[in-house]
Amino acid sequence: MIDKVKKELEIRFPLLKLVREQHNYLHVKVGATSAMDAVLTAKTSLGFTTLQLISAVDWMENNAFQVTWILENYSEQEVLLISAYFPRKNCVVPSLSQIWPAASAFEREIYEMFGISFPGNPREGEDFLLEGWKDIPPMRRDFETEEYAMRTFGERQPREHIDPRQYIGDVVGEWNTPMGRNREEEK
Amino acid sequence: MVKALAVFLPLLGAFINAWLPGKHSKASRFVSYTVLTAGLAFVVLLSIQLGAWNLADLSNSVIFHSGVGSPPLSINLEITAGGTLAALAMYAAVIFSIHRFALHTPKSQPLILAMLTASLGLLFATDIFNSFVFLEIGSIATIGLTAASRCGSRWEAAIKVALVSGLVTILYLLAVAVLYRSTGMLTMAALGSLSGGAAVLVSILLLTVIVTELKAFPLAGWGLDFYQGASSNVAGLYSATWSLAVLMWAAKVLPLLPIGNPIIYAWIGAGGLVLSQLAGLRAGSAGRILGYSTSAYASLLLVAAGTTTGAFYTRTVLVLMVFSSLSKFSLFMLGNPWKNRGWSGYGTVLMLIPVLLLAGIPPLPVFWAKFAFLKHLALHFPVVFYAVLAGLFLEAVYLFRFWADRSEKISVKAFSKPSAVAGVFIILVAAIWITQLWWGQLDFSGSIIASSTLRNIFHALFAAGTLLCLPGVFKRIGSERNYWFWLLISGASLTLLPAAGNGITFYILWEISAFAAVVGVSKGTGARNGAFWYAVFASFSGYLLLAGILLSRGSFVMAGLPALLMTLAALVKLGQFGTHLWNVRTYPAAPGTMPAYLSGTASKAAVLLLVAVALNATGGALPWGRAMAWAGALTALAGAVLAALAPDYKKLLAYASVSQIGYILVGLGLASILGWTAALYHTVHHMIFKMALFLGAASVLYRTGTTRFNNLGGLVKKMPWTFAFTLIAVISFAGIPPLAGFGGKWLLYNGLVEAGWLPILIVAMFASVVAFLYSYRLLHGVFLGQLSPKNAHAKEAPLALLLPQGILAASIMVLGFKPTLLLNILVPALKAIPGLSGLAPVIQGDMVLTTMGTWNAWMVGIMVMVVFGIAFVFYWISGHKPKYVGQLDIGFAGEMPPSADEVHYSNNFFRPYTRALAFLPRIHAEKIFCGVSKTFSMLGDGVRMLFTGDGRTYLAHSLLFLVLLFVFLNGGM
Amino acid sequence: MYCNHPPEKPGDKKEVLQKITNMARANSLWVTGYGTGCGAIELRPLGTSRFDMERFGIAMRPTPRQADVLIISGYLSTKTLKRVIRVYEQIQDPKYIMALGSCTINGGMYFDSYNTLNVLDKYLPVDVYVMGCMPRPESIIDGFSLLMKKIKEGRATGWKHYKENLDYYRENQKQIIKNWDLPDYNW
Amino acid sequence: MSAEYLFYWSMAATGLGLVLIGLWGVLTRKHILRIALAFTLADTGVNLILVWSGFLPNRAAPIIDSSVTTVVDPLPQALVLTSIVIGVAVAALFVVVGVLASRKSGSADIRHMKELRW
Amino acid sequence: MLSNIMSILLTVFTALVWGLLLGGISRTVTAKIHGRMGPRVTQNFIDVWKLFRKTSSIHHGGMFWLAPMFRITGAIAVLLMVPVVVGQNITYNMSFAGDVFLLLYIMFFGCLGMALGAGNSGHPYAVIAVSRGLAQMSSYELSFSVAVVAIAVGLHTFRIEGIVAAQQAGISSWNIFRFPFASAGALIAFLPMQMAYPFGIVLAPQEIPIGPPTEYSSRFLSLMFSGRALFSVAKLLFFVNLLFGGASSWLSLLLKTFLLYMYTVVVSSVFPRFRTEQSIKFLWLVPTTLALVDLVRVML
């Protein structure tokens, strides 16, 4: 099944790169310009009629946002992920809210969290989770979370700081046993 | 000899006009006016000389010959007293309308004058052959006028007239030949000397000619087509001159025909009346509708000719025909759709007067003739009577529809103001003149309600109701027009109503109050539908009442059928479930305080009628009391449920009114002292609270401009006093004890238990509980909940509306705490009525006792007030000072409500109730009425298939009629 | 549309029958049914037959108007804080706040989040903290008994403090709620 | 039966026949001018009957001069004159209206003039 | 006169105390049925006192302000219209002033006031609850009035004293035995009257926070609670007089009302809740039919 989908996509989108494949799962990466085509093809010709999610990842080093559309073909129980890289500066991605009304909410969230704009979404810019946010979008990796929290919510109350990696490294053997924590306390 | 000028002056004018060059329209108009004025003056002089103005004796006449020798060589005219009046009408119509012809088709003036001459000639002709000549001139003038107008289908109309007049010529001349052959004479009197086969032949030929020319039912096709196709000017002029002349001529000829038993006219007329009016229901265009109405009056003439004789016949026919022709004339003139104006202008009233005239509503002149005529029919020809009544009602229905559809298109300019004023003046003068002739029949002794106490109660009720509506009449909004005049007329006649001493007086006052209210209602914004429904149901109830009165042979009401008919009339007027449609349409549409008047006061007229019927027919107990009580109980229930689901303040009140009236019916149906006490107590109480509520609605409407619940809410902040008075009224009608409403319910339930009518008791109790639903809906939907920002500008109602409400609310309080004030008057009066069964409630001080129950309103009231007062004082002095918060400061899951409109719960208020009721089949009364109207429409469609539009069909109709008549008459002989 | 009067400053005047009233207040704690964070899940068992809070006269009320106690059950995001402020101010005096979990004390594991406040007491007056992440129902009952004790002794005066220092709290609240669109005073 | 009487009755029969033919024509013809013609025919028949109604056997026409003493009833003849005049006028009007109507409806067929009906 | 006033005051006071106590008992009993310990029996007194002593409160307008008074007035009015102890004429209070019809209608006084207050609060949930409550009320009143009419007509009197007096010839003369069907109908109608489950749609804390009194707080709520306690005692008293032969002494009065109250408590704690339209249909069908059986019997 998923092979057919893959072949079909490969024929239509020569720049397609395969990320991961399972018997009912396919993750492909396409060029930024053909991303919309791929998503629409998947919907109209390949039967992926459900939009499960739109997600985004900030690849700051590559100076790109990766936007992924997760589609589902419910009758065949198949999932198709289509990813594309978009340049990070003034990132603009076409909106899907006319095709899937549900996309509107995902896009608003991504706009709020990453600042990726989806022109064509009628509700773009409305508050989603962050009411009245004025800083740079918090999910961008150049956003200094801790510094922001200090600035906004004040210094944290002093507390003994334990580096979890080091702590877990010391007790890692016992930690893996079910009662590890209790034994550590007994010591 | 000079008098003949009255007839021939127009002819002279026609000749002069015809020779004038067409461009000089001013000159021709001058000639026309001069000629017409002179002719009119002559006719007036003649009528005075002949004493025509005293309708009692119309037998005077002057005969004179023109030309040489004696008839038939000379033209021989008999100017009768009645004829002069008809001639007067013709002259008046031509004078009123000629300027319109001058505007549009200046060259048609000779034709108009020729038509007038022909009409006058036919009116006065005594010779059969002379009549023929005038008939032909009339036909030619009609064809010419039709063809000269500027209407799209004028040619077709003209050709149909020409076809029929061709046939008429042939048949008529055949009859002339046979007549002359048999008698050697051609005067009308010669008809009487015919005998044997010649008599039959002449009769059927002339009858066919007459029926065809009259446009009476089976042969009406060409006339309808003509009215539809001709321009309204031509049709109007035609109906006022030529049509009237033919009617009067037929009235002259018909009794002379040697046909044997004239009852055959009545059968033709009555059958034709019903069938043609059925078809008329489906007529579409204005001209055709009025054509059907013409046909109705032609049929009426046939009925009159068949059933009456002598001076009575002459008078009846004269009044009916002259005024109906004039009304049709004015309707044609008004119904000209030139300019589209809003509904509820002067046009509505201007147009309603002729419509009411046609429908025979008192005190307009036609009524008197119709009443006398119908009375005669009811006494001697009952079957014809029913048929005529049915036909007249159907006619009223489509005329009112016509009015409702058309009158918004009237431009007052079309009927220039001086002539409109003159027309109204003429009608008024005629009304007064004719009324004084019959004035002696009226009786204001109040003898139909023997008990003066009851009479006084009703007098007071009607007077108070009208007076309390009056202060607010100028608080109108939007496009509502002045209605106070009509309210006053209606109220005044209602106030007189209990004083009526006989049927005709009662009927006249009843109809005046109803139709003055119709005019009042039509002044509202978008009241077309409401006014139409009110008019139809009011006339239906009026006709039922009329039938009841007329069938009672002189007394007010007789037991049996008349009483049943009158009961039905009252039920329709009350809005008994099934006929509640008019309440629900009319009350919301009526302007300002009008609905308060209609629901609170005017509906009590029907209660009065029921009381009067019960008292006079059987002395109290109507045989169908139980059915009435059931009907009332079911009305109460259905009205309450529908009220709870209504989306509009006024509509809710309308349904509530329907519901509350059900209790009155139950009480009257009981026919026991307790039941009547309850009914009358509730009548008084209903008037009080319903007026308070509707005045409250008027205040809300005045301040906010809407009565939709969706747009209201929260007004208690803006209109606290209105709310307080409404609250008192609501608590009262919900029947919650310390206020007045409980009394009615308590008395009613006791009465029902006493009579053992427990199922009705259960239904009534259930209905009273459902009343809580709509009472809360009303209070919440308008006054409680969130105040919409749209109504933020609203303020307290003006004093003119508030003061009457205050008075009413105060009287509710008084009646609630001291119901014995009213009961002490009611109970002795009802005890004195012998026909009522059961025991009277015993009143000891404040205590009211029945065999099973007790009620001490004073103690209950005091107890509630004391407890309430203690709680209040305790509250006050315990140092509790709650903080007043804004309306959006509500616990809303931590959110701020987005807007007041969105948190105001108003749509689908009793949704669970609707769901629970979903198992009921949705039988809408509306659907039943739709079914009835569809059936009638189908019948009408079937009938009007006769009129195929092919001119030859009409000729075939006439010939077939001739043959059938021949077969029938020969078979009869 | 909204009430604009500032609250009256509650004085220290002794009421008649103060002691009885305090007893009554302590033994009839009505809790607003408002779960702000993950700790709300631990409130549900309180009503069951195992823990049965009704034996202390504690009852859940669905509307703040009738409640006495507001339980902040765990971390509080800025978005929720806005609603909590409104709910708290709609509760009639005397009223108490019980804060559950370490998040309300110093931010807990969300101390460096961009959206979660660290120290609740800066924004709303807390009467009783219950520690734990999450506190078990037993701990909450313990917290209630502490609250009852404080009330009986007349020491649970957080609401008075809030009213007297409303400006201070408002300032703190406005600092983290960026688009402050609440009415000045909620009643 | 003398020739006079034969003439007398045949006159009536002819008149009646003309009327019947005319009526038949009116009812069955479709062309508007034919209908006009049929009317004229029937009109003629009626006029004949009218004349017949004043006919007295063995009398002369009522043209009064010295030689004639017994004339038929003169009145119907006078009537017939009127009737003929009127008939001509009506027929002329009919034809005019018919022609104009057929121009309007585009056909002289009376079945096409059914705009106004019901 | 003075003794009458004393009797009225005594009646009201007793009813208040007994009503609150019954409320507490019912909470305890419900808790026991759930397998919980439950609150103290005096918990309702504590709640009422606490609410009464809250230091601030809000109101939304005149009707909101007056509603608790309407409620309490309605409750007391009903209470005073019913004879308390049979035979002790002094405790008949105001029952001479009206009959069962008056009682049936004066019961709405408090409900209407409550509904108006809820409406004035401007809270949509309060109004939704009122709409449900009115819909349900109109249904149970049907069966209740059928039952009352059947009994009253069967005994040939509408006076409550008369109805009570007719039941004094031993237990078998109680109306619950003489009119078993009507009584069954009335007893089913009693459940929604007390807002007990399965007819507790009006106070639905889960969906429409607590129904009509959503916006009520502090002293208003305290008065409302008292009013409710009084009202339920008044209704119990009415039912005891109507069906259970009245009370010959204060003790038997307490016993009978207690047992009757326990009936609603037990039923309501074991049944789930009807939706509004289900409850309406049930009330139209079952208790009404039952009561009609006796009505037909009486008519024949």
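Quick notes
Note that the chains are named A, B, C, D and E in the order they appear, and that numbering of residues resets to 1 at the start of each chain.
Here is the rule we go by: a contact is a pair of C-beta atoms (placed from the backbone, for glycine too) under 8 Å apart; a residue touches a chain by one contact, two chains touch by 3 or more.
Everything quoted here is computed from the prediction, not taken from an experiment.
Of all chains in the assembly, none touches subunit B and also subunit D.
Taking the mean of C-alpha positions as each chain's centre, the chain lying farthest from the centre of subunit C is D. Ranked by number of C-beta pairs in contact, the top chain pair is B-E. Put simply, the chain nearest the middle, going by average C-alpha positions, is B. Among the other chains, the CA centroid farthest from that of subunit B is the one of A. Each chain gets one centre point, the mean of its Cα atoms, and the points for subunit A and subunit D are 104 Å apart. The geometric centre of subunit B is 71 Å away from that of subunit C, both derived from CA atoms. With each centre defined as the average position of its C-alpha atoms, the distance from subunit A to subunit C rounds to 36 Å. Each of residues 883-885, 887-889, 891 in subunit B touches at least two other chains. Multi-chain contact residues of subunit E, defined as those touching 2 or more other chains: 56-58, 209, 214-215, 218.
Every pair of chains meeting the touch criterion is listed here: A-C, B-C, B-D, B-E, C-E.
Per the touch definition, subunit C reaches subunit A in the complex via residues 78-79, 82, 105-107, 111-119, 122, 175-179. Those residues of subunit B that touch subunit D in the complex are listed here as 72-73, 129, 132-133, 136, 139-140, 143-144, 147, 153, 155-160, 162-163, 165-167, 169-170, 173-174, 176-178, 180-181, 184, 186, 224-225, 228-229, 282-283, 944-945, 947-952, 955-956, 959. Partner subunit C is touched in their complex by these residues of subunit B: 883-889, 891, 893-896, 900. Those residues of subunit B that touch subunit E in the complex are listed here as 714, 716-717, 720, 727, 731, 734-738, 742, 745-746, 749-750, 753, 756, 758, 761-762, 765-766, 769-770, 772-773, 775-776, 779-780, 784-786, 852-856, 859-860, 863-864, 867-868, 871-872, 875, 878, 880, 882-885, 887-892, 903-905, 909-913, 915-916, 918-919. If you check the complex, the residues on subunit C that touch subunit B are 1-5, 34, 63-65, 82-84, 86-87, 90, 181-183, 186-187.
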